[in-house]
């Protein structure tokens, strides 16, 4: 789905289309009933998931007021009744068990978020994360090394978009982004 | 969907997951009824589309015998009854009108393929292409410049996968790939 | 040489260090007596060449007044008496024969510049060009295909610099740049 | 200098031209009298340094027999009498003080190598390292954080070379490489 379809804010980060597409692919939502988007921002991942799979139940968690406003507006725009918004900072206290979780930003408590995510994933559930910061990537890889996950993969994605400049076009680079994905092992939780 | 889910052949090209994910995103198949995959190869794009949207009618065109064998095996593996295989070299003579077309390889007749694609797309239909070869990218951009399309975009995607090496990991680069997408204008055809 | 060593202007383009380093490597200036920098901008390529090889005679051609001011200031800063500045728009009328030429920007007359460059290169002389614009890359490759050059190579360089962000660091991407290099054939003009 | 100028071995790693060019630029050898290449491999960095600056004294340290054979052959080929080869595994016991050090591979003892390098660098001396492995990059950044260095910079370099394929050309990617550079602080050692 084109990025232009989403209303965006100046200070609210949005997962860009090439990264979002890979994230959604890795989440394997065609075989999911429930999906949790942690730190949903503008809601682009939640909403593209909800539009693509109308039978999917999407839970979007976001704490920032500006982001929440955009998220609600975008949800109305797409008419996605299958997206539930939780206005809180993850990890939140709940008894949900979901098939897939996406963490688009760590907010400085990656360790707590990973443990919490694995508690709320069904065995075999998919966990996908994106990072711009190198330190977060390394922390995530280190933490995941001692957590009950399998099928760990990490991709660095560098997308550049053709943009007009002078009498021609150049490829304007997005920030390189790391996409980590793994499965919760069967015997966890 | 993970590349490992598809049976692959040594000489049959496959659109890799990060590229395939962006291609499927650009095709906007959630609002399509019919989708044509031109030069389907192993069928990874056709099958991920068919699995994701079970109500979508997918037409996969492929001429190569080895690719066709893989395509049929993969279709059986996924149990996709909504994928129809046409064993022929595009452009083929038909009276289909579809909502979205993907061209994963030009086979040297890009001009004919683009004209044929626009004839078989509904107004507003999505056309997405991927290229590894620079010459094909340039030819496509030049040809599209005089064809009735709009919303032309081009992204260069460089994905690198984390791979174990010695006592650590490095990011092994895939070939950089260009993804072009556009819409057929309303008044064509 | 670190980019920070050069005085820069807001609207005067500068070839960044990773690209400049490859350009200088390709020019093989250790075996050159004379080097011409066409469209020298801030002079970073001319000055790094002059500092590295004090015995080299460097001719920097630049037409833009703001760039010329920077170029003179940078030359004074480095104390490079082996850099001669020609305030004009290339191609200029002259009878120089040089060992190496760098074209950092085409200014819309790439064909004339390439012909002129080959006239002023000794047989076996090195010609190196950089491009951001795709159209210029393609035009250069097409033109060079029918000119008396050999050992043609082209590299796409994507450099990203580690930059502090929040509590960590990310890799901020420079614009991807194409570096073309070739030799003038022995029997040319 | 073109990679083709160096004799290479199948199992002896060589720093490729775009990376080597940036490494040499960061070492600022125009203002150096002595340069040490730690883990010199085929000797491409040592030899390009020695050819470019004939007055520079180069010390190449290498332990591997196959690499040493290539290194000697390449030195003879270029006729570089200013390159001294030490057949040993760094860190070696010596009382050298040099202006610049390059570490092209850690061999698993990065911490010892960094401390040893800073002992043998003059104040203000340049230390440049390259890494393919993510773990080595992170270890280096962490170690350097508590060592007396300044002007720390890190660049990720992704170079792709135009290569003929079928009836066109594509850009074949080299492995992405991290280049770290810093200066030894004035009050160390």
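Some observations on this one:
Letters are used for the chains, namely A, B, C and D, taken in the order the chains are written, and counting of residues starts over at 1 for each.
The criterion applied here is as follows: a residue touches a chain if its C-beta (ideal position, glycine included) is under 8 Å from a C-beta of that chain, and two chains touch if they have at least 3 such contacts.
Keep in mind it's a predicted model, so treat the numbers as computed, not measured.
Counting hops only between chains that touch, chain B reaches chain C in a minimum of 1.
Both chain A and chain C derive from one sequence, and where they touch, over half of the residue numbers involved are common to the two copies. Between A-D and B-D, more contacting C-beta pairs join the chains of B-D. Centre-to-centre separation between chain C and chain D, using Cα means, comes to 25 Å. Inter-chain spacing, taken between the CA centroids of chain B and chain D, is 43 Å.
Our note on geometry: chain A versus chain D, Cα centroid distance of 39 Å, whole angstroms. For chain C, the set of residues touching two or more other chains reads 134, 156, 158, 160, 162, 169, 171, 176. By the touch rule above, chain B contacts chain A in their complex via residues 1-2, 17-18, 20-22, 24-26, 28, 30, 48, 51-53, 153-162, 169, 171.
Contact residues of chain D toward chain B in the complex are 108, 132-136, 158, 160, 162, 165-176.
Of all residues in chain C, those touching chain B in their complex are 134, 138, 156, 158, 176.
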